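By written order: A, B and C. Residues from 1 in each chain.
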Amino acid sequence: MADIKKFQELLSQLKEYKPTNLANNDFLLTWEKSIDDLKTVIQVSQILRFLRENNISPRTFDSGLAISIFRDKSTRTRFSFTSASDMLGLQVIDFDEKKTQITHGETVRETMNMISFMTEAIGIRDDMFLGYGHQYMLDVAHALDEGYEKGVLPQRPRLVNLQCDLDHPTQAMADLQHLVNYFGGFDKLKGKKLVMSWAYSPSYAKPLSVPQGIIALMTRLGMDVTLAYPEGYDLVPEVVDIAKQNAQQTGASFQITHSMEEAFKDADIVYPKSWAPFNIMVERTKLLKEGNAKGLDELEQQALEQNAKHKDWTTTNELMKLTRNGSGLYMHCLPADITGVSCEHGEVDADVFERYRIETYKEASYKPYIIAAMMLTSKFDDPVALLEQLFERGQSRVII
Amino acid sequence: MADIKKFQELLSQLKEYKPTNLANNDFLLTWEKSIDDLKTVIQVSQILRFLRENNISPRTFDSGLAISIFRDKSTRTRFSFTSASDMLGLQVIDFDEKKTQITHGETVRETMNMISFMTEAIGIRDDMFLGYGHQYMLDVAHALDEGYEKGVLPQRPRLVNLQCDLDHPTQAMADLQHLVNYFGGFDKLKGKKLVMSWAYSPSYAKPLSVPQGIIALMTRLGMDVTLAYPEGYDLVPEVVDIAKQNAQQTGASFQITHSMEEAFKDADIVYPKSWAPFNIMVERTKLLKEGNAKGLDELEQQALEQNAKHKDWTTTNELMKLTRNGSGLYMHCLPADITGVSCEHGEVDADVFERYRIETYKEASYKPYIIAAMMLTSKFDDPVALLEQLFERGQSRVII
Amino acid sequence: MADIKKFQELLSQLKEYKPTNLANNDFLLTWEKSIDDLKTVIQVSQILRFLRENNISPRTFDSGLAISIFRDKSTRTRFSFTSASDMLGLQVIDFDEKKTQITHGETVRETMNMISFMTEAIGIRDDMFLGYGHQYMLDVAHALDEGYEKGVLPQRPRLVNLQCDLDHPTQAMADLQHLVNYFGGFDKLKGKKLVMSWAYSPSYAKPLSVPQGIIALMTRLGMDVTLAYPEGYDLVPEVVDIAKQNAQQTGASFQITHSMEEAFKDADIVYPKSWAPFNIMVERTKLLKEGNAKGLDELEQQALEQNAKHKDWTTTNELMKLTRNGSGLYMHCLPADITGVSCEHGEVDADVFERYRIETYKEASYKPYIIAAMMLTSKFDDPVALLEQLFERGQSRVII
């Protein structure tokens, strides 16, 4: 039997939060959510995990569809989304547009209604074009709003942003849940130094959404965030501004440095990961829109050459020794480019990665629960009541 | 709680119909069904919608597969089929033959048994070749009959025609349900003038099954059906004959005209939609069988040139003013070719379409319920008893 | 209502077996399992079939994923795996690696954890490269072991070998269940003569796993197994050795002959099927690893020419007359290459195949139950208790 005391404890913590923008809302950007919204999602995720690991099924829907739209390739997120949907009782169907394209608004408006008659949730990844991913999700949201208001759809499917050009909230929130559990609570995170650092990778055009998601979210929790990158590897300016404002509001600090060594000094957490420079991504979007294949090839060449100047931006044991007591936590959204393992020169040395490998797996393990928590909190006004009902129903996930 | 009085009312209407060819039958062509069969399917669809919208789960199967076979591309029908299957408790799996081909009979016989050991329903779209789509479904049906009779299959999966060369019954029946709800009942449809009209589209080889399905079905309900098209754009003659016979039997009229204006005069409903001329489709099937790529290119060119002579066959406000009191209902199976929106010249002017856009979305919203109703009535001898049982069980679709 | 007496009878037979290597084990090779393990899987499969055919749902999981990994094309096995998973309550998701490749071990280690957070079962087909398929499954197993032991995975997904380079246990076990039911029990198989014979096919590089699976498994049951093939068409030597040892242990015989006539004499069961010669498969693996396209083309040419010398190795009525009383049982894993039907010259004459066609369909019908039985016995320590519980719960699979 599940430990009722533990459940009550988890629930009483959830009751402390007063979410305002979750129910009847999509989850697109963490900075559109209140801090209580974010803590609610994390805590619901914790409770869903508690329930499932105690063999209590969180199935909430007897039937219904969850649609995945991946406008970029994906394996891990696809499985996380499917796991979350299935756990709640939804059958997953992929909406495959065949090729990534900046779709005509009219088509979105109609198609989204046509596929949503029995749909509860839609997960979208659209991270390829700066200035378009988030906009596409807004277009989908507006189409669904109209369909629901005008009686076409009996329910409003809720959107979960599985990565856009601005944010990667399922990743950042899973990372946050990992930190909460690693350090022992939200209150333990205040004042911790987290470094989001660029690192060298032999590949090109990696999205900016992970570093953006991390700096915008972690500053909300009062963490001292340092963003480190070689000159020229800027992020989208508006998200950097958000991180700055967040830091001011929570009394935390937000700093930018162009030295990896400086950044790692006394860090509690380091998150070294490659991304493409903002200006390259802007240029790339322009060329893609023009269909300029030659220009794209040249840009890729130029970007790879630029990257290659910064092979020294890699996570070594020497750098890790600079972290607090030499035992800072290494994080990565995976897969990492590991020197001598997955590439010749990469983001991290093999021995550093191996030491934290299992921790990065655990970090990733929160994602299905975070996605499920986003779905449930967008659908139900009172997540406390819902979770109590699931606990009391006590339906076994696996027959015993 | 669901309104029990409303449910009883819906059910008592269902009890009036005496279906004869539904249970233990596939749903391939509306003209193989009795008028009570058709009304039963519509009414079961209405009740399924009532149940789901009142949070009563229509899940009928605790497990089981539903197979989709799309021998032509599809998004909307794929989602409708998945929605219907999921609502009844079936997991959908796609049978992907990789490419459209006129398959060897032996292969069909064996394969259909191999994939059907736990299959309850198979939905098939095969509308590319005149003379083959319906035949393919018959081949599948015979294979399943043999497997069931000889003890290979513990249940006979039932077929749902998701569009063939002759009929498009899920579309036509969803359209009929829309008309029943729009006008307030089956009895209100008698004597209404419905126009199935050709309209110009810049694309080529659109199937004939929608107009054929509409003229063959709507004449059953005693509607005065006018079929309008430019000379040369004939439909499959045997289906036109069926429409004529239906009209005679129900005392309705069935007329063919080659003037869009004449057709629209005093129409209660207009359905302007492009299709390819019958003789082009016959020629195309011949060339495809021969693998004559050059001939196909020439035929496409010729067909597009022929189409282009009829750009004046488009749905304008002026035409709509000719309909009954200037307020006839515009219908479309979607997506429509909208002038100035999805193409330069198309089937309908943008302002006409916009006025009826939400109505066309509602029209489409019946399809999942129609498919589910076809599945259930093919599987259960007594749909009244089944629906009563589902209502009494009162299982919530969404936990509350 | 289901026949409780029949159920008790089936269950009491199951109770006689004392499985040792099923629970908390993957099902990769039949020769890693004890004879009681194998009988347990067969009997659980029988009982699952009894339950489902008596409308008692064997759904064991309220949610959870089953992952299919097909590193070679598949339709039939895909449907069997999906049927099995769905019957137990699991949603199937395909892990599509896009192309068959000998994957880097590091990638397997990480990816398998990333996709398995809520996964109960993983079915893998990897039969293309001698020396790699089984090894890949071991790599996956080790990755999952680590993830489970280190707390990354809340459950250890269990592997089902859907065909590797060494064995094809779901096929061989389904074949065995067919024989048990055809002849009336395990004890009736002792001393029966089974012929696993090579037969001519116009195609190339057919895997060795079916004949290997059959000779290694059927010798366990005390059957007299004759392996017949033209000189040069050897199987993997280590599996042939296993068959020899099995025969010694059960007091049965295992013989190799190079004459189809001699083999068929007084056979109770014949299983004539094409496969590629071992040395060709070894050479092919080498060329594939080198990426030697020209070499592969030449090898294919050479193999087809070699095959063509043995067109007389085909299953004729004359040969069938040599079997015991002229009425030996013909078996095939399907699809068969049927002379004059699916090819000009093939493995079997049309009239022979037609006489046994329905029997081969029935043979195939056991596969979903075998897969489900492998899943359940790998997950539950006490299959007897589980099946009793499912029977007592008495949940209808189809509402009635």
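Rule of thumb we're sticking to: contacts are C-beta pairs under 8 Å (C-beta built on N, C-alpha and C of every residue); 3 or more make two chains touch, one makes a residue touch a chain.
Keep in mind that what you see is a predicted model, and the values were worked out from it rather than measured.
Taken chain by chain, the contacts link every pair, so each chain touches all the others. Because subunit A and subunit C carry the same sequence, their contact can be compared by residue number, and under half of the numbers here are used by both. Separating the centre of subunit A from that of subunit C, both taken as means of CA atoms, is a distance of 41 Å. Of all residues in subunit C, those touching 2 or more other chains are 91, listed in ascending order. Residues 52-53, 57, 59, 75-76, 78-80, 82-83, 86-89, 91-92, 334-335, 338, 341-342, 358, 361-362, 364-365, 367-368, 395-399 of subunit B are the ones that touch subunit A when the two sit in their complex. Those residues of subunit A that touch subunit B in the shared complex are 59-65, 91, 93, 95, 104, 106-107, 110-111, 113-115, 117-119, 147, 150-154, 379, 386, 389-390, 393.
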